[in-house]
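These are the structures in question, set out in turn.
Paired with chain B in one complex and with chain C in the other, chain A is shared by the two complexes that follow.
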Partner chain A sequence: MSTSTTDLTPDHDDHEAVPLLERMPGRGSAAAWPLALVGAALLIAGSFLSWSFPDDVLGDLSVNFYPNGLQLCVVALGIAAVIFLLAYRGPLSRLGDWLDAASALRWIGLGAVIYMAATIIAIGWQTGAILNVNPGGWITLIGALLLLAGSLMLVSRNTRDPLFAKTSSWFEIITIIVLLALVLFGAAYALGLEDAVSFALFLLFAGMLSMALTKAGVFTWLGVVSQKNRQVLMFGAFAVAFLFPFTQGGSDENMSIATQVLIFAATALGLNIVVGLAGLLDLGYIAFLGAGAYVGAILSNSAFATIGWKPPFIVVVLIGALVSAILGLIIGSPTLRVSGDYLAIVTLAFGEIFRFTMGNLDGNNGPDLTNGPNGIPAIPDLKFGSFDFGQPHEVFGITLGRFANYYFLLLVIAAFIIFVFIRLNNSRIGRGWVAIREDEKAAEAMGVNVFGLKLFAFAGGAFLAGMAGTVKAHHDVSVTPDQYIFLESAFLLAAVVLGGMGTVAGVLVGATILKLLPEKLRFIADYRLMIFGLVLVLMMRFRPEGLIASQRRKLEFHHDDEDLAQRIEEVHLEEAEAKA
Partner chain B sequence: MTVTDTPAPPTGPSTPDNPVLQARGVTMRFGGLTAVKDVDMHVNPGEIVGLIGPNGAGKTTFFNCLTGLYKPTEGEVRLQGEVLPPKPRAVVVAGMARTFQNIRLFANMTALENVMVGRYCRTSSMALTSILRGPKFRREEEATRARAQELLEFVGLGNSTESLARNMPYGDQRRLEIARALATDPKLILLDEPTAGMNPQETKQASDLIFRIRDSGLAVVVIEHDMRFIFNLCDRVLCLVRGEVLVEGTPHEVQSDPRVIEAYIGGGDDEDEEAPASTTESTEEQQ
Partner chain C sequence: MTEFLQQIVNGLTLGSLYALIAVGYTVVYGIVQLINFAHGEVFMIGAFGALATWTVLFKGQTGLWVLPIMVLGAVLVSVLTAVVMERIAYRPLRGAPRLAPLITAIGISVFLQEAVRLFYPGAKSKLTFPEIEVVTGSALSIGGLQIQRAAIFTVGALVVSAVLLWFFVNRTRLGQGMQAVSQDPDTAQLMGINVNRIIVIAFAVGAALAAIAGVAQGLLNSNIDFRMGFLAGLKAFTAAVLGGIGNIQGAVVGGLTLGIAESMATQFIPGQFGGSAWKDVWAFVLLILVLVFRPQGLLGARVVDRA
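Moving on to the complex of A and B:
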């Protein structure tokens, strides 16, 4: 395979930044590299010193030579910086042939400066005086500034395209395992952070580090690697998700957030079949989750359930899914003949009709099915044989509480939805969906059953949401109409759009961001709609394909970007070769 | 790449009494405008029929009537004796495929995937089979892939199967469109200006390809503006003017008919006889 020695490093050519960078005084000077190294050393050393005088700010930052989590983040940044510096020049320079170390260093430097500035401001603000910042904090800030200055003076080396890097498979598998372990560790740590500022700082750290790795080209290589080791990655990711409750030490609070994220993610994954694969804009998707939840509640053992029949839960799941799918067929068959905006409006109206109907079936205006606005409360926990979901269980000496039990059940459902998603995507049906998205008329003229495939996507998505809904009813304990408002549909759609239409990983990320952040960052809770709105507008402008984009969607959003099309073809060929 | 690649077996004996396609009295009116007026046409098995006419003569509209994109105001279209319903998908399933005047490939799919979409109506695995992935699914998927590969080789694109359609050169895109149409196992293929925008060498390759398609047992109908191309290629030519068949006959007869020359240069049009500007059909036709 050819190894192109161009300076056209993939994905990360910042055309606008270059002229500004070139005007940087001392650019390319011999002092740049030592300066950055000194900065990185100070960064690490400073983090081992005390940052603040009082010991009750941002955890405890006051002890010398005993760094707490926030300080360890900076140590991690420093170590990453040293590795990239050695890759730029020194013993790791073979690594530097492939990775754009200078760009990565700039982002690490920038991240460290912002991180330290924010930390110092937070310490000063929370204790009331900037004097409370100990020398360690200042030393680390100076280190960060030196690192940034040094890295800005470094000139990027010519690198080879990491796409074509050939690595041994054991190295790749170890990388995947290490990365997944880091994700597990990071998630457990982040959820354990009590105060919002620490959490925000950790996000900043994670964001800047991944930005640096992106700029270096690590993710280009990881993309190929993960294609090559698909099974390992899937299995590993599932294992990480499975192990997560064991890291929480029985804390129900965090597990409650985690189950909510999982319900949200599972539903968003179902929506992704409709929106991401079939390309149908559905603004009333929450109604299908609601239909499942109502079925789950009505057929439960709740004293308020309106039907006397109590089938086993697995039957309830099937009925909920089927009722949802039938609703999907009923709403879909007349409306799927219209497309785009019209469909969006009809589905939006359907979502509202569902909510009002559920609020009115109280015996006064129709059959008493849902108890009207009061909903169905006191839904008992699930019981599989002798396994009671309401009771904590002890596994390997670790207590798993009520939410952990639901977490495992939801994990199974999410895995099922992912399974269906992937299999449908790589099949005759998936090809048909792509063809419909690309050119509906041409697809029809080539014999693709356009209407049938759209209807199937609609009903299939509804089926999966209905499944998740039946579990949600038991998890939430009560089902009321006002849980299924339009805003929830909008959030689901936002998760899909933000994360990346048509990808599993993207939607998982999107759902996590949208559900987790407001829980952890309580101080933005009042402004969350404004912030998410703003984020979506910015995404549409700068990255319409979402955070983790499917290649095809990326192409669709960039009609006339020929370089991108060439690039994606290269990636495709490389992946096809890797798979073979 | 060989003639033995048979996209579909010819059906029925090749007699004029048993045409593949029989259109009778096809008329298409848009409000007060009659775009196609009482057109009769038949295509025999293994025949290449050309459809010519000045811009705005109604050629593409007639094509759209045949393939179900338009529902003709009057008249009927029969494929192998069966009346075709005016639905594009039903027409494809019945065995008539087409290409488009302005290329309509699935731009962000690879060449192979494009052709595999063409196999959609000849395959049957549905949701459950796709999710469970039984042996039937695997076999069908394998066969689809193999057939698509074979067709790409047939049209001469065997080396660019994994290229994105939008990255391919113009001439290759035209050929890919033909491969995609062939994937639907048609008895008859309609080509709407297959050489538009091609250079002489590509045009030569295109006519070779059309001969090979014919030799594999299909009937072909071609719309073209390039007279040399069409007279060299076709067994029979229809000249359409203002929605009506003006002349029908062998290329030689049509070529020497004074009315045809009149229609092209006599009407005071600024078009050139040999190759009238081919890319701009009237907007009404492109619907």
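Moving on to the complex of A and C:
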């Protein structure tokens, strides 16, 4: 009853997994490399020419020698292709010893072809005639096709595992900084794209480029590097997140999306402690966020708040977090003794109980606490002293609007949650969780306080969610029971699973994908849930460890993969040696 | 007293519905130790299958003779959904960590709901379920008790299904194969039982009963919508756990118990926390209590503690 999932993981070399490639005519021929180089050159050259006749399609693609953002993406692909070609043979050949340039080139080629085909179709579609595509577009497409053909004919060189590459630390740090700057720039650019098709094309570009880099092994190396320079990465990422509002020029539109992403990400990070670290599947996690939000609303200055007490916000945050944590204890202490699937269902039932209860406490069916299905509207903005979160502020001549204010607050909360997450993960408690996750009975036999640690994870996760909830109440202005349906819990879980359980970066990526894409890709709005369901199924089928997986987690899902086990062991040994 | 009996009747009706769905959870769990979280959606699709059959073949007809064909249509659609689901999504995950199939199940559940909402004409709001002579219409009044006609259909469907299921499991080769696989899949395979086939059949049997429940639900409420599977599925799972998951008689007992408990809670819990607004809450509280104090369920079944 063994599965065949391991055959489909992208870790295998292409020429092993895809026998079709072996049968490619002209494979390994001397013409392959020059052909690909010509393709890359055409790709770059074509992008500097005009792609479309009208100037109102996908931004403005009609000017020669003045490439628009979408054309610059192709230029970037072309440059990446040239670098990999030179790494395959030529001056950068030493790089090619470590990176699988041929595989990367295939993906770049494929990406460029799809990208150009989609662009040409989009131009033809939006202007009503394929004639409106200028020669530049066709030249670029031909370049892409040549690049793909050439790269398909290339034979992968034998490469060493980039896991063991030694690079100087200043180079590593500069790489991290450049990468983060690119992320900031890319995010600001992508969010600035109004047009859904342009946005989708940009995503295609980013996706294909990262796929190529993954195939080349760049990300394996980056993983090691970011482990080594964790402080730099953390600080840099925080700086990027901090600088983001300043790129938006006071526009609230993108900042509102960004704050939603942050609330979602902060909550998902809390859930990641419960699911990713302790391995407890919680399907009612949204209830803890809801509990915090309701506390925040009830103790706010809203005219609809049902309790007269209005403590300062910092007290409210603590109360909200504590109420959530107590709910976590109440639900956790009896149910954490049951394990696995049952816990999932109990927490799901708890989430539903929470939602029904909040809907019922309206004065008719119970004491009046929550105004029932109408919820508590008109929650005023936060005020810290004279700083009003509802008002825009000027910093260095750049206006920061209401959402930017909340963004900074949420950033602090997210940073706190990440801090807690990392400290816990590297502590005795975190090791206890890993032990429980992998084998509960063995952990108990080794003297790990299984029940206590589980309860701590559960209540701690609830505490963090409650904290985020109190801010969410003010950010959203109103709190109603139907914001806390099961689907939201499923979304949170999906963010954790999609990104990679037990990693911070993975969850951040997952949360961003899940919240950002539906906002930007309006044309799939109606289908977004269906796609979401499909993605979950496919993800579990083909990459259950998530997009950015910790190595150990990967092994849990592919435990018959001897190679992987070996590699991880070697790395661990080497790390231990380095420490000694 | 009349009130009490009336609630028993309501509870039995509701309970039969839960029991029909719960069998699907229990049969699958008994064999592959998988909580098929998307089973509620199979139930929902059954109801839509029946409606589609009626709309395409017999629009405007109300005779009792269309009912069996509607049920057949419902069963076909549900079984097909469940079998495809097993083949595409669950089978590749056998042997994967427990989290994987559960998340897959959530994905399937969302996917099926949305597929129905988007692609079934008019399914974005509630759809009216056809009135069928004899099984819908004015309620029967027996000794002061109001008994809906559809309720009789529901209870009857449960009785017939239970008898057939009992016969299938205990008296046919396939059923005995099922029992063997549920006791020890590896040994069963060595004895020449095609385990994959048995698993598909388990999914199919559960789906068939869920489809019947879907029709019953449509007749009872006279409307169906794409969301109906979620809560019903959760309740049915509660019923399965209540009876002891993996135990088919348990599912029936658990369903009926849950149904009656729910109606009793509606009627007899005094004060503000009674009434129909809280009945779902009490049902889930019951689930949590059972899992905490008697995780093996009322009738007892396999050991719960398998992570």
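In this section, the second predicted complex is superposed on the first by the 556 of 580 C-alpha atoms of A that agree within 3 Å, B and C clash if a C-alpha of one lies under 4 Å from a C-alpha of the other, contacts with A are read in each partner's own complex, and residues count from 1 in each chain.
What we mean here is this: a residue touches a chain if its C-beta (ideal position, glycine included) is under 8 Å from a C-beta of that chain, and two chains touch if they have at least 3 such contacts.
The model shown is predicted, which means the values in this text are computed figures rather than measured ones.
In the superposed model, A:M540 makes contact with chain C only, not with chain B. Once the two complexes are laid over each other on the shared chain, residue contacts for A:L180 go to neither chain B nor chain C.
Between chain B and chain C, more residues of chain A are touched by C. Shared-chain residue A:V57: touches no atom of chain B or chain C. Of the two partner chains, chain B is the only one touched by A:A445; chain C is not.
Of the two partner chains, chain B is the only one touched by A:V434; chain C is not.
Shared-chain residue A:V420: touches chain B; no touch with chain C. Contacts of A:A565 after superposition: chain B is touched, whereas chain C is not reached. Touched by chain B in one complex and by chain C in the other are residues 556 of chain A.
On chain C, the positions that touch chain A within their shared complex are 35, 88-89, 92-104, 106-115, 118, 185, 195, 230-231, 234, 237-238, 241, 272-273, 275, 277-278, 280-281, 284-285, 287-288, 291-292, 295, 304-307.
Within the complex formed with chain C, the chain A residues making contact are 1-5, 275, 279, 281, 283, 331, 334-335, 337-342, 344-346, 348-350, 352-353, 356-357, 359-360, 364-367, 440, 486-487, 490, 493-494, 497, 526-527, 529-530, 532-537, 539-541, 544, 556-557.
Of all the residues in chain B, the ones that touch chain A in their complex are 67, 69, 88-89, 92-93, 97-98, 100, 104-110, 113, 116-118, 120-123, 125-127, 130-131, 133, 137, 140-141, 144, 162-164, 166-167, 180-181, 184.
Against chain B, the residues of chain A that register as touching in their complex are 419-420, 423-424, 427-432, 434-435, 438-439, 441-450, 456, 460, 552, 555-556, 562, 565-566, 568-569, 572-573, 576.
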